[in-house]
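In the two complexes that follow, chain A is the common piece, with chain B as its partner first and chain C second.
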Partner chain A sequence: MRNRSEASGKRRLLPRRPMWAPIFILACCAIPGSGQTPCDEESVVFNGQSYAVRLDSNHVKTYGSSWVVNDQLELWTPYDGAWQQLNGTDITTEAIGSANPGATASSAWTSTLSGTGPGSYTDYSYHWFVPNQSCSSDTSTDYLGYTRSAAVAIQQPAISGANAFWWLGSGVLSDGGYYAQAAWSADPNGATGTPTWSVYYYGSGQVSLSCTNCTSTTATSLAASLGCTADIKITVNYGGFTSNPFWVTIAAPAQLVLVSGYPQDKDGNPNDSTGWTSVYEWNLTDTCGYQDPGLDGYELFGQWTQYNGSNWPSAQPEPPASNSASIWNDEMAKGETYGLNPPARPLQNPLTSIQAESAPWTFTVGSLTVGLGLQVGSNTSMYYVDHGRHQ
Partner chain B sequence: MCKRCCVPLLLIVGSLAIVGVPAASQERVQAGTSAPAVDDPGLYLGLFSFQQILRKDAAGDRANGDGLLRAVARDYHISDADFAALGKVADAVLAKLPPIHAAAKAYSSSEVAAGRMPDRAKIEEFQRQEADIVRGGMRDLEAALSPEGWRNLHAYINGAYRLTVVRKEQIRAK
Partner chain C sequence: MRVTQYRLAAGLFGAAACAYGGMSAPRSLADLAQSADAIVIATASWQGSSGSAAAVTLQLTRVVNGDLSLSGGPVVVALQGVSPAGTITPGTPIPVASSGALWFLQRSSGGWAVLPVASGASASHAFLPVPGGPLLPAYAYQSSAPLLDKLASELCSAIEGADGGEPQLASLHLGLLDQLGSSVVALLYQRMATSSSLKQQILGLAGQVRGGSSSALASAAQLASSASAPSLETGVLLWSIQNEFRAADANSAAVLGGIAASPASGNAALRHAAAHALAAIHTAGAAPYLAALLDDPDTEIEAEGVRGLGSLALGLPIQTTAGVPSLAHLQMPANAPLRTDAVVANFALSTDAIQQKIATYVPFWKSWWTSNQAAIGH
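Right after this comes the complex of A and B.
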């Protein structure tokens, strides 16, 4: 009789017989006088299979299985040697499983994704079968070969949303198109369940979250970042499998930068053209060095101090104002005709150093409501008899 | 060839193997490996056995056990209820097989004891019984699952699952 492999032309070579193989021949159960055993009459089908499944957000399990069909006589013992692979590379040792004849041998590996990371997970198994040594005249192991499972592709969860927004001072959520809040969403990328949000600080920037066990959250700034650095790390965690870091910068209006050519002093005040006027222009910039047009702002004076018996009336702050530009200006002025002591004078050459009055001065942006917003300027507003200065 | 003469002959063959005789010299031959045919009973037998392995795994893993079964159900594209039905059918099929195996073993032992070769037709009958039980399980499975569940599972078994199974038919040279 021709064997099937010859008939099909697919003759395959088996691994070399182990050294101990002939020993077991002594135990064979041949039919006296026939030279054959009952197992020599059996045809069996060896099977091997690999399987991979994502258990939950943070675990992948892979299985290899070996089993025999039509094994009525010889009672083969199936073996499965399984590795778990990530991107085609072994990440485990070999796990070997066996089973009694008639049952399925299986071996498995479980990986925790927080430790092994994203990628393509597969089972890679080797299958072999050992015959019942007391039955066959041929006791050699049968090696079926390797199987590889379909891949389970694992991606890390991700966060989407604005990664830079504003700090405008306590209680200010927005002003002039500047927002102190950002909506963030978690993309599970195949993970399941509700994620947990975590915030880590690496500088001065701070945020609060509207919820920490939710798919979408609203972040509200609590403090500006250090300089213009992304010093806040946000992650979402699905059952222990954490997203890539989402780095956040909290920017803030930071300072008034004097525009070149200012202050400018001139004779005459706006009311009667006597005395003097000093004009300042500043450019409002933020912690990232950019100009910030569109914010509201207001000035405040502290306690006034009079000098040299001065009776100058204290200057009153301008009302809060909106500004479509980033340039803010201040006009300091005094007329000569108001019975001031010391009298105001037109510009002297050189300018005099005779002081009349002064007060602490602050400038705040982000709100029209006094008391809210972020202070960006602070100095002393000094009135000399012939000019004014922020100093 | 009698037992007495086969022993020294095979000893020689084994010794030759040790010193490097090509593996092709071995007498056990095999057909090439391949994926099983669509709806091959062996395919279902493997799947049924695997269900028991899965549930044993799940029972031993208090933390992730339920998650394992739900994950596999999702992978099969069937509901948890259909997955449970699959487990019941698998248990029923696998419970029917050991008596056939035992009967085959008892038959062959008695024949050998009587100095006779077991009848090939009788052995094939045992194999046929096993295949019939598995085929019955396939029918029971179709009946036990929801129509959508059966459609999806059937597609899975003959698609993704079948393509990860390697089989090889072993036929002894006579």
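Right after this comes the complex of A and C.
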């Protein structure tokens, strides 16, 4: 007497894998069974099983197998029809495999993950067995049914780390808690081997990597992103299976914005009660439009030009300084020092347009070292006889 | 008095810069307080100079903190980095400090040296102008009070007494005063906000705005919208709204949204500041107001709508000044349900960058809002 899983003890005569057919999901995907042998001198057991396995970082193989146990006269030919499914949906056509009686029939699909992507991969197979025509009775095909493999869950490799950091100018890696570097790590998420890092540019932002065939790398900014957009795409690749894009923004200090209400002019320079003082308050902002506290900075003057026979001694730049805030104070002042020509005056009403001297002026942040950092301000520093202006 | 190291002049001596450029950085008041061996209120006059240091005579009014043996008599202190370049008679009062100033002093091998409140060669960076008279009663303190509270009391009394107008004190409202973290500062803002002086009202409300008060924001906006011309005080208020107001509650978003959507003929700077803050906050509660900005005739306001909705869609954190060095506001979370390739492609933070593509961005974000407002809860 043969063993069958079905209670009726009859062979199931099903059309080939109707999609509406009942699906048998077994823990390890096998349907052992038995049927009446057409050649009843012996008992046979029909078997079918599904498998899914990740071959390497970029490939998943799914396959099904059909075979017969105790077919000592080799009267049954096993067939396996296999589909590969991703998240429960067919992503292949049916592959049909058969084998000689006594052997195992298999059919398989191998997907390249870089093409099919992450998800839950399974084999979905149908198993049937065809009797030898020499059998004198019971010549019907035995349809064992469906099996589905355990799922192989595929996740894309991923990148972790800061996706935004600073550009502070050539040679400046940090200043005041601002960093021009970021440490990134690749998470294989089941892939194997050493990843390869790739960088793609979609704007002006640029980075360099400390290594490109490694699990962890240090990125160093080389240029700021265009308009504070995420214009750099980073990926890691394990044997061809690529991570999700890791979009990176490189921000940078950008400009000095005059605080509304300034400049303020007043009589007297800070050291005596003569002359005048003009005060600016500048707010340092970045390419993203936000204020940047805590950076170092320094000013520079270019060649001074004297007007109206002026003998004013040229103003000297303040030394580089560290700031605890984002506001930079700019104080232009002149005392009525004896011998000045033209003489400095207290504030006139209206302010005079008589010029004494001027020079190109720049302001740079990101470093205390003159020559390093990013220029965020550039204009002409103009000294009138009764006030000063950046213009 | 330690004066021997200075060139005592019988007549005139070179005094600090009569021509200098002047970019300087304020120092943290809390750091100064911790570093100083003494904090005093004193009037000041020039004493002499030696090399790159000037000598200043301080006539002490009171000692806020530190070595009480200083109290009462004059003391000569070194002011490093002030470059004499003119002629000043010893004993000449230092302007602004002549009626009193707050000085941070540190012991040095030669006596006392000034810890300047800002970098640079200007004498005005050495001190904060604090009148030498008695404190306003509201700010009286015990000698046993915490250091930063005592310092805050001195500064707050001076600020309230000055009624605005003194740039050096007004600049404290641009972040430095708040760094003290003292309840005395909150008291100052509360008192000024109810002052009869318009300048004080604006500065007081601005302080409360920086602290996250939406009611102060509404009141300040009313005052600022009626201001006839830009002033130092309205400048502080605009800066406070734009850069420091980051309250994330629904009422705050509504107030900001109302200011930003006020008639274009009104105070443009105020509208811009409110729209900028709204975009920086970009909570779900702010979203309807951000979406409304997309119809504004002012492209800068439109850009804030794009900036805010984009930040929301990308799942970016609320922007704060404290988070700027780490760019916390640009760190994309691993899970952002509304983030799509199209969202990334239609996003920029820079106003200039947004304006360059405004014809593309605005229709995209209008459509995005229509499609996603239900998912966001509107």
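The rule is short, and it goes like this: the second predicted complex is superposed on the first by the 350 of 391 C-alpha atoms of A that agree within 3 Å, B and C clash if a C-alpha of one lies under 4 Å from a C-alpha of the other, contacts with A are read in each partner's own complex, and residues count from 1 in each chain.
Following the convention adopted for this analysis, a residue touches a chain if its C-beta (ideal position, glycine included) is under 8 Å from a C-beta of that chain, and two chains touch if they have at least 3 such contacts.
Keep in mind it's a predicted model, so treat the numbers as computed, not measured.
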TODO: Please work out whether A:230 is in contact with chain B alone, chain C alone, both, or neither, and reply first, second, both or neither.
DONE: second
- [ ] With the two complexes superposed on chain A, say which partner A:290 touches: chain B (first), chain C (second), both, or neither.
- [x] second
- [ ] Kindly classify A:94 by the partners it touches after superposition: chain B alone (first), chain C alone (second), both, or neither?
- [x] neither
Open item on the list: Looking at A:73 after the superposition, I want to know if it touches chain B, chain C, both of them or none. Which is it: first, second, both, neither?
Closed with: first
Open item on the list: A:104 in the overlay: touching chain B, chain C, both, or neither? Say first, second, both or neither.
Closed with: first
TODO: For A:149, decide between first (touching chain B), second (touching chain C), both and neither.
DONE: first
Open item on the list: Show me the residue ranges of chain B that touch chain A in the complex, using the header's touch definition.
Closed with: 1-3, 5-7, 10-11, 13-15, 17-18, 22-24, 26-33, 36, 41-42, 45-46, 49-50, 52-53, 57, 64, 67-68, 71-72, 75, 97-98, 100-101, 104-105, 108, 111-112, 115-118, 120, 123, 126-127, 130, 160-161, 163-174
Open item on the list: Show me the residue ranges of chain A that touch chain C in the complex, using the header's touch definition.
Closed with: 162-166, 176-178, 226-230, 247, 249, 251, 259-262, 264, 266, 268-273, 275, 277, 279, 281-283, 286-294, 297-299, 301, 312-319, 321-335, 337-338, 340, 344, 361, 363, 381, 383
Open item on the list: List the residues on chain C that touch chain A in their complex, please.
Closed with: 15-28, 31, 46, 81-83, 85-88, 92-96, 118-125, 167, 171, 174-176, 179, 230-236, 238-239, 243, 269, 276, 280, 307, 319, 321, 324-327, 329-332, 344, 347-354, 356
Open item on the list: If we count contacts the way the header does, which residues on chain A are in touch with chain B in the complex?
Closed with: 1, 3-6, 8, 10-17, 19, 21-22, 25-26, 28-36, 38-51, 53-56, 59, 61, 63, 65, 67, 69-73, 75, 101-104, 106, 108, 110, 127, 137-138, 140, 142, 144-150
